[in-house]
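Heads up, there are several structures right after this.
In what follows, chain A forms one complex with chain B and a second complex with chain C.
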Partner chain A sequence: MSETLTGPLRRQRRPVGEALAGIMLTLPAAISYFLLLLLPTLAAIMLAFTDYELGAPAIGWIGGENFVELLDDLGFRQSLRNTMVYTAIVVPFSIIGALALALMIEALTRGKALFRAVFFLPVVSLPVAMATAWQYLLHPTIGPLNALLREIGVNGPAWLTSSDTVLVSLAVIGIWEAIGFNLVLFLAGLTAIPRELRQAAEVDGVASAWERFRLITWPLLGPTTLFVVTITMIRAVRTFDSVAVLTQGGPNRASEVLLYTMYTEGFTYFRLGYSAAITLIFLLIVLALMLLQTRILDRRVHYG
Partner chain B sequence: MAEPRARLAELLRWLLLGLLGLMFLMPYIWMVSASLKPLDEIFRASLNLIPENGGTLSNYTKVLSEVPVAHYLWNGLIVCAGILFFQILFAVPAGYAIAKLNFPGRDWVFGAVMLGLLVPYHVPALPLYVGFSALGLLNTYTALILPSVISVFAIFLFRQFFKSLPDELIHAARLDGMGEMAIVWRVILPNALPAATAFAIFSVVAHWNDLFWPLIVVSGPTHATPALGVLYFRTEEAGDDFGALMAASVIMTTPLVLAFLLAQRRFVEGIATTGLKG
Partner chain C sequence: MSGIRIEDVTRRFGAVTALDRVSLSVQAGEFVALVGPSGCGKTTLMRIVAGIEHVDSGRVIINGSDMTRKRAAERNVAMVFQSYALYPHLTVRQNISVPLVMKRLSMGQRLPLIGGFWPGADAVRRGITNDVGKAASALGLGELLDRRPAQLSGGQRQRVALARAIVRRPAAFLMDEPLSNLDAALRVQTRREIVDIHRQTGAATLYVTHDQSEALTMADRVAVMQAGRILQIGTPEEVYGNPVDLRVASFIGSPRINTLPVEADADGQLHLGDVLLMRHAPRGPLTFAIRPEDCELADAGIPVRAEAMEFLGENFLLHCQHPPSGRTLVLRLPPGAPRARPGELLHIGFNPSRALLFDAEGRRLDPDLRVSQQEHAFV
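== the complex of A and B ==
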């Protein structure tokens, strides 16, 4: 309809004026995109194949040597393994937890906004400051958690300074940070499911709440869940703040994670080529996770 | 008959959510509690939440006298406002052009936007650091703001939103003799306020809380953001003085949390819409 309405008008203005306007309006974004995103990203990829160090007089092309060195680098392998373990803990707990909370909050008649706000709070809280609060909470001697454990006769571990518990402790903080974000996404997904569907199922004899969840809510929530899984994984893979603030990768590399290793190699030791190689691996992992999401999405049956 | 059962279910949900919520708030509760206790009381590790003798504000006065709190918050404000200003300035016209105008290279530009969405901001960080270092721009607001002025996510978000705006709106404005620039800022943006608000909240939360990039380009308090400020206080001055540390954490966390509590619905919607599209 708009075509018939605007046809003559379009002919008047097109093509030169509109083309020019289009180019002029995209130009600032295009220039900054080129200078601040495209160029440095390509440079980072190139850098990964050099031995560049900040302050070094020359830069040499060394092909895949950085990657060969990474494969042999016990610290890097530990870092990669830690990142995977951390992700493997944070993803299921923060997603199942958020889904359970979302279902409970969605079913409330009163107090929805209150509980949503409570669980969402970590998303808007300065991570560095909250990491400090966690450090106090988990402090081996003066921390309230171990004080509580002492009350019941248990000698709590040094959560953040023992290599046995540090990764799990960081993962708990990660879950705490991620749940509110995932909860809000699930709540948005749940609101999109018409209430009548569940009521109709109840009328049709799907009596138990679990059956209604399994038959209706869960399948309809599929796209949301897939998205939440991907974004939680990516956010877990790029975890940095809590490690930088609380453990600096220690003790004994037990909490070294990918981005923190990249940061120390690049900005503490100024081995930029080596650090770029880690960045490239990081980028490939993120891309693989995104590709996985699109693949599954493409194969899905579309509901509704 | 269903009424009492529904009420019981509601009550149980309240109890369970209340219990979980309380557990969730523990870091905040203990943070505030410790910030009001003198050091010797903290070191006794008692489980009393309420400080003995009514508590003390000495931790807060210590932080306020030793840490340039207002300066850090001001830096955070400048950085977030600067980033948001340029993101909007660049992304709104681009989003409009891609959504509504026919120009050579449009599909190519949109492809570039989609490609940019795949790259986490940590990837260009190394070369950007080298570049800023070579230009003598480390430890400046420019270094903090510049890398984030281009947001492909903003362009994408605005493009999606502008596509749903009726063409008639634009044609009417053109008939009134408005130029494309005027259309973008006086017709399109006012009609895109929900998307713009959602993006603004997303952007401010992300950059206010960011540690990675400020840690790379800033050293020293002059240009430190709130996140860096807390980090400096931890390493340089406070050490094991948990009372002062908690007071500093409370002070630095409060502004954004307060903003959230005042505009809860907008925050949640903003994060949900941007989250689902990013």
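== the complex of A and C ==
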């Protein structure tokens, strides 16, 4: 009853100008979103179903042929597998490492800011410049790492030029890059846990640090951990800089990752349609990871 | 000796001395309220008893054993935090059972997954479920056991915090302003319940509050704190009627006690109006204090100008200005008393036997030095 009365009344009271003003105010953002994000994405999706090559006189609609070709493309399959292996190494190590470091830094009474800055440095440093440093560190003959190994009588491998070790070496660099970023996220998550909860646990008889971690820190860090897992996975899947600078996907495609394949197909062989198909698959993977976060895991880690 | 004994505890934060040689004891079965303005150190003192704050010097003795250097987990004290500090990811049932799980289950029995198969775990867990159920129903939480704290109202959360505290039989029961987040009606109701719970558990209870009326209504004894020191410890009647310090007199009681600056004449006699307060008063500025309910309107006495009336139902408050001192004096008058118009000139009479006198440092002048009651001509 009251709804039928107030509904139209309320609408009448609201001036038309207000709605118009709202539209006008969101318009700049909406236009730039459309032009800069939606349109290129749509273009890429369209392109994935064509045989377009840069400089080609005509553009042909070929349906799903690019994807059929991708399935049979040994190079692409190798690249997909490499990306998965890389992600599978980087994600757990960078997350567990970052969590451990964050707990240690949080427990410090002084020097918190210093350690936070030290571990965050890789995130703000130039990836290309850092890659050069890594190249020196991991150099088979003049690199300090192998020099150290020689001291203890081990003949170190050619870290970045042997197909057995190159992916692991790149993953270690990836962990080094990701750990600082994850650390800062975990530290922020830890600060958000009320100190009184830890004190309440202490009064309730939770004596050991491990029990306190299990009872409070780990569950309350859930939302942070979930975010860190998702963002680390996405960042690992789209790794590119270190591969491009250090190995160019070599040797023998042993370190070729998804984005690097996309890049070579698009900008070395100019097969833009094929490259767009890889982009689309990349997008689907990222989308799937985000869905995993919002739909499934989100429900288990928020207590609001 | 059972209960809590705090001996000479000092705690500094940098240059600030939060607690200055504080001593206080709470007997088993006793309810002691620690009351004072915010920042007086009362919460710090409670946290020191709980073991989540350390002392710079002094001792904390609980049930006869020195706990000063023991961790909170070893002290067997229960604490209700001002923020309740419930575990947000656990249900009400799990929240209440945490202290029992930690106390009764061994390390192995607590392990996830395999802990359930650990020998003896089953019987212990049944006991815990039983006790949690009892504590929950004692506080009317029976229906809410499977909810999470976020799904509860403020009053319900407060009850969960209480249940978590009483579920194990603690050696001491600490409460840090547990009612401050509740609305006024619920606060008055919960006061009674907390006192009842205290009676049932019989544990030594230390209750921190900034609300003097809470302290007076609930406690067996009240400790009034200010600036890191305990000014007075006594029954509610004592701290209200017989304060040893002007700061205690001013803090306890609402509306505040009336004060006027007074000074003895050349013979050492102290008069206020035509009332002789003291025959041999010390020299220098003194403070005269009288509670609003010990004042009345009279034909002669302290001259004042009426300012405002506040009707309270069972009586009313008359706010007056005392022109010579500029102080505001408040009278609590029965509803039938004649009304005064703002600006009207009146005289206040008071019961001299109820008057309190304080020296320049705010210390109470010995009441025995006062003129004996028979000598007064009651105004």
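Quick note on the criterion: the second predicted complex is superposed on the first by the 274 of 304 C-alpha atoms of A that agree within 3 Å, B and C clash if a C-alpha of one lies under 4 Å from a C-alpha of the other, contacts with A are read in each partner's own complex, and residues count from 1 in each chain.
The rule is short, and it goes like this: contacts are C-beta pairs under 8 Å (C-beta built on N, C-alpha and C of every residue); 3 or more make two chains touch, one makes a residue touch a chain.
The model shown is predicted, which means the values in this text are computed figures rather than measured ones.
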Side-by-side fit of chain B and chain C on chain A, or clash: fit
Which superposed partner A:196 touches (first chain B, second chain C, both, neither): second
Which of chain B and chain C A:204 touches, first, second, both or neither: second
Touching partner for A:216 - first (chain B), second (chain C), both, neither: second
Touching partner for A:32 - first (chain B), second (chain C), both, neither: first
Chain B versus chain C as contact partner of A:185, first or second or both or neither: first
Partner chain(s) touched by A:60 [first = chain B, second = chain C, both, neither]: neither
More chain A residues in contact [chain B versus chain C]: B
Shortest span in Å between Cα atoms of chain B and of chain C, once chain A is used as the common reference: 5
Footprint overlap on chain A, where chain B in one structure and chain C in the other make contact: none
Chain A contact footprint on chain B (complex, rising order): 9-10, 13-14, 16-17, 20-21, 24-28, 30-31, 34, 42-43, 45-47, 86, 89-91, 93-94, 96-98, 101-106, 109, 112, 116, 118-120, 122-131, 133, 146-147, 149-150, 152, 155, 166-168, 171, 174-175, 180-181, 184, 205, 208-209, 211-212, 215-216, 226-228, 230-231, 234, 242, 245-246, 248-250, 252-253, 256-257, 259-261, 264-265, 267-268, 271-273, 275-276, 278
Chain A residues touching chain B - in the complex, by the definition given at the top: 2, 5-6, 9, 13-15, 18-26, 28-30, 32-33, 36-41, 43-44, 47, 54, 101, 104-105, 107-111, 113, 115-130, 132-134, 136-137, 139, 141-144, 146-148, 151, 176, 179, 181, 184-185, 187-188, 224, 227, 231, 234, 238, 240-241, 244-245, 259, 262-263, 266-267, 272, 275-276, 279, 282-283, 286-287, 290
Contact set on chain C toward chain A in their complex: 47, 50-52, 71-79, 81, 83, 85-89, 98-99, 102-103, 110, 112, 148-150, 164
Interfacial residue positions of chain A with respect to chain C in the complex: 194, 196-197, 199-207, 211, 214-216, 219-220, 222, 303-304
